[in-house]
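In the two assemblies presented below, chain A is common to both, partnered first by chain B and then by chain C.
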Partner chain A sequence: MLLLKIFFKNALRHKLRTGLTVLAIAIAMLAFGLLRTVIDAWHAGVEASSASRLVTRNSISIIFPLPLSYKDKIRQVDGVDIVSYGNWFGGIYIDEKNFFANFAVEPRTYLELYPEYVLSTEVHNAFLRDRKSFIAGRKLAAKYGWRIGDVITLKGTIFPGNWEFVLRGIYRGRHSSTDENQFLFHWDYLNEMIKKTSPGRADQVGFYMIGAKNPNLAAQVALSVDRAFQNSLAETLTETEKAFQMGFVSMSEAIITAIQLVSFVVIVIILAVVANTMAMTGRERAAEYSTFKALGFRGRHIAALIFGESLTITMAGCAAGMIATFPAATAFAKAVGTFFPVFNVDADTLYLDIAFSLTVGLLAAVVPTYRSLKTGIANGLRTVE
Partner chain B sequence: MKIPFSYNLRNLWARRLTTILTASGMALVVFVFTAILMLAQGLQKTLVETGSPENVVVIRKASASEVQSGVERHQASVIETDRDILIGADGQRMLAKELVVLISLPKEGSDKQSNVVIRGISGRSMRLRDQIRLINGRPPRPGSTEIITGTSITKRFRGADLGNTLRFGMRDWQVVGIFDAGNTGFSSEIWGDVDQLMQAFRRPVYSSIIFRLSDPSGFEAVKERIENDPRLTLEAKRENRYYLDQSEMMAKFLRILGLSLTAIFSFGAIIGAMITMYAAVASRIGEIGTMRALGFRRSSILSAFLIESLMLGLAGGLAGLFFASFMQLFTISTVNFQTFSELAFQFSLTLDISWKAVAFSLVMGLVGGILPAIRAAHMKVVDALRAK
Partner chain C sequence: MEKPPAIVEIRDLTKVYYRGNQIVPVLRDISFDIGQGEFLALMGPSGSGKSTLLNLIAGIDEPDSGTIKVGGIDITALPETELARWRAVHVGFIFQFYNLIPVLTAFENVELPLILTPLARNERKGHVEMALRVVNLADRMDHYPGQLSGGQQQRVAIARAIVTDPTILVADEPTGDLDRVSAEEIMDLIDRLNHESGKTIIMVTHDPRAARKAHIIRHLDKGYLNDASPQDIL
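Now for the complex of A and B:
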């Protein structure tokens, strides 16, 4: 206890310098926390995926469709419970900047596969009854101020034209990791319109979503589905939802790696600042430390003093930075909007904050300690500030 | 009277460890700042150089890229007869009807897949792009299942080298040539015969029509003619504009990310400089008193400390810039969100970015040094001399 008091007293001898150092650490930890959260948000789709859901797409690439007739064949495969299907619609709401995911899906089975999209029974039924309707996530509806019954127009990029939809329901996510920024409408509506405008593209789906009876058999189901369509005009590639989502994440791997590197750079920057503070402190107190030594204190006592002070400063900054991360993350999530549908600070980020602060605190004290231990008593006492 | 410059230099040297630590903190910030600007610049440069202002790309209205577009054969024939298309030396129109789709291929050295642009080309495609040079092998014969691959593809994807075969669309495609398109998006593409690819992918429509204008300034007239033709639901863009649009979202994302990161980081570095300069002032109170007593003015003291802080910033800035310039040796390959396909590009350092980096480091030094310098300048001579 006494030791802790000494650390604080020592740290507060230069209030301005200590205050600035603590502030610098707090900012660095805040930046680190935000960067980690950005990386986590990138992986949000992977985290939210279920082990029993499988995605089937055309094996050439995601932009090629599959025939609707595959639906019944997939249903016959052993271990398949529910089959749903849909298309990435890629519609633009007013302006290209307002990006959010919009899918045309078979509504009944799709909602069965995604129990984490919570809708009341009446809303659920109202959505199923109205072919021109859509449901939106809570965050998405809040962002654009949509109310039940509103008519929303999307401009099609893949399917040309202006498409009108009526909002019939707003779903809530069951977990904090559930994407509440989706726009889901009836696949039939899309298909009927295509039949009129370009019949050649009708009855094609972008992907099948499969619910396996048993998550342990998911890999086997995936194999059986792909085998069923081998050597057909549209061969399939089936993978778990997690692997499918991971495929998207790994495409922008270079950027994620860059962000990760940068998040470590900030730690090094802060190491330089704290080490500087400790070096200056050590230099100023050279005479003091020599006095201690002359009084009979050992090297380890002096080392404890320096290390303790360095850790006190870094941990104070770390605590401040961790507290500031939460409001900053909320503000950031609001600013980037639908680009990152899920943006939560993870507990791991906080542990890493603490771990890195400890490391910085320890490393920063190394050189001053080494210097003060190496300085002879006479030399130290002779030092002038 | 001015305080000699060597005074500043020797001060920085006297506290070497502190100077190095402070400057390296700033150097890291400048490094991140420069590297991210170089990345955004590299991406934009790559896509801008891909297009030529003399060429026109025609795609379906409201489709943001060639991949989403569809141009029916009869629509393509209408475009083909436009009177402003350049006629080449062989008497043929400089026009190509192309197909652009994405296929996923496994990356070299991992089992991860990524999306690659595959372009179905017709006779004029090569000649419409001046940047393309065949560095190995020969062009694909029309009507055959032969392909040529860009240099970035050869390096990054498995089985894309000369003599290998790639399997997609239920056929085997032999790689008969490697082409180099310099620092352009074409280097990240695979090219093959358009009719064969349309068959293989069962896409009965073209993705885009590319042609060269006989008179580059006549673009507006051509655009109006195409977009107002009731038979067509197409839009025309200059090729360079088309590729610039594709880089916009990603470059903006990189710039916003970079600027907000460096804004936060620079706070840390500025505080570091401030700590250093406050300490420099505090340990030199006696010196300051002496100088004032000798007749140096407050403004000289102020500028002396500011110069010292600026030099710290400059040292950090130059070091950061120096290390960032090595990033030019690296090539980054990532998926462009807008086109959803893999694109390789290099960090690119321009004079403009260098100036910005140096200016940024000087601003950091200035902001960090101004308060300590003011404190130094405002000391009373008597008090300063009395201090230990």
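Now for the complex of A and C:
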């Protein structure tokens, strides 16, 4: 108990130095936590993917459409349960900076494929009934203050013109990882308008979403779908939703790698800061450690004192950093708007914070402990602080 | 007067220091005994080797050759772990700069060596209170070293040195950092420990007034030990 008291009290002997070190660790852990959360947010779509959902797109590129007629053929493929389809609409709400995902989808089958978008039966039916309606995620609606019945206009970029939609429902996510920033409207509405303005682009879809009867058969279903359209004018590429999302993430791989690198550099820097603090501490306490040894305390006692103090400082900084990560993440998510549909501080990030803090605390104590144990008692006693 | 049985037996002790490539002999072939209950003062000029000799007797430094037996145990043959255990039981240290742990109260500083013993908390408390009473600081047990005067801190250090009832007390310039009045108080206390409790005390000092309290004064010069009468030195 007395040794425990000593390393706690030792940690507070130089309040300014300890305070600054704890602050530095807290800031480092906050930065690390935020950077990890950004990386997680990038992968959120991948994490939220279902193993039984497949995405079929034009094999040349996602920007090339597929005929609507493929729908029935896909439905006939063995192992296919549900087929839905849609288009990336790419509409702008008031200003380009108000970015959010907006899709024209076949609503009945799409919502069947995405049970994690939770709507009441009443709202669900109201949405299906009204071809000009749309549903929005809870966060998106809250961000722009939309209420049921509001008429929202999106300026089309891929499909030019001003498009009016009536908000019929606000869905909430079943899981914390569910994207609550989506804007979904009727594909039929889009198609009808295209038929009027540019008939050549009508009856084309950007992608098919397929629900496999059994997730274990997903690979087989993907192969069968692509085989069905081999040598056609629009060959398909079918992959799991996870692989499809991963394709988008991998486009930003260089940025993600850079963020990852920076997050680890932060840890290395803080290791240097804590190691320096502990080295100064070790030098200042050389006479004290020698006194302990003269009194009969052994190397393990001295090691416990130094490691204990180092861990006390790092874990205090870690705790402060972890606590600060939550409000900082909320503020960050607010600042970047819907760029990251899901921006949650993951439990794994907190575990990494703890693991790295422990590692930093332990590594920073190694050199001062080694020096202290190697210093002869008589030499150490001669050291004057 | 009958000579007391030897508690410390030093034979053919040598110690050298290395300064770069240069070998500097500090102790040269030292042999002498210290009797049980004796109060020995080691004197000599700076660099004469008196502190080194004290450190060797206390088991916190290693000789290059020779043996030191304390209570029949050859401490020069003990491995470091055993030596640490031996120090905890047999040696009480009094340092020039007290060497108290500043984050611990006087009580806790005195309790420190007892942590290494199998004594229960209550038993430790009894021992600590008694040691602090001996040094007349029972009313300051909750004070931190920074709240005590130099003389009081040295008394706490003496309480810490005697709390385990060690075989020998080693004191390195115990009055070196004190004013004259405090120094006298400390020397009276050390003298009392020797007279009343029969503690064997080995003290290094520059101070002739402190040395006057000792039964025997030995003089070290350039690594050689000379027997000297107190009158010769003082």
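Just so we're on the same page, the second predicted complex is superposed on the first by the 380 of 385 C-alpha atoms of A that agree within 3 Å, B and C clash if a C-alpha of one lies under 4 Å from a C-alpha of the other, contacts with A are read in each partner's own complex, and residues count from 1 in each chain.
Just so it is clear, a residue touches a chain if its C-beta (ideal position, glycine included) is under 8 Å from a C-beta of that chain, and two chains touch if they have at least 3 such contacts.
Quick caveat, the model's predicted, so the values are computed rather than measured.
For the composite obtained by overlaying on chain A, chain B and chain C can both be accommodated side by side without a clash.
Legend: residue contacts after superposition of the two complexes on their common chain; A:2 is shown touching chain C, with no touch to chain B. Considering which of chain B and chain C touches more of chain A, the answer is B.
When the shared chain is aligned, no partner comes close enough to touch A:119: not chain B, not chain C. For the combined model, the angle formed at the CA centre of chain A by lines to the CA centres of chain B and chain C equals 90 degrees after rounding to the nearest 10. Looking at the shared chain after the overlay, A:378 reaches chain C, while chain B stays out of its contact range. In the superposed model, A:358 makes contact with neither chain B nor chain C. Looking at the shared chain after the overlay, A:90 reaches chain B, while chain C stays out of its contact range.
Of all Cα pairs linking chain B with chain C in the superposition, the shortest spans 12 Å.
Listing the residues of chain A that touch chain C in their complex gives 2-3, 5-6, 9-10, 13, 287-288, 291-298, 376-378, 381, 384.
Interface residues of chain B facing chain A in the complex, by the touch rule stated above, are 15, 17-18, 21-22, 24-25, 28-29, 31-32, 39, 60-64, 67-68, 101-104, 112-115, 168-170, 201-202, 204, 233, 257, 261, 264-265, 267-269, 271-272, 274-276, 278-279, 283, 332-335, 337, 340, 342, 388. Contact residues of chain C toward chain A in the complex are 51-52, 55, 58, 60-61, 81, 84-89, 91, 93, 95, 97, 99, 101-104, 108, 111-113, 115-116, 160. Per the touch definition, chain A reaches chain B in the complex via residues 16-17, 20-21, 23-24, 27-28, 30-31, 34-35, 60-64, 90, 96, 155-158, 160, 200, 231, 233, 235, 247, 250-255, 258-259, 262, 265-266, 268-270, 272-273, 275-277, 279-280, 283-284, 367, 385.
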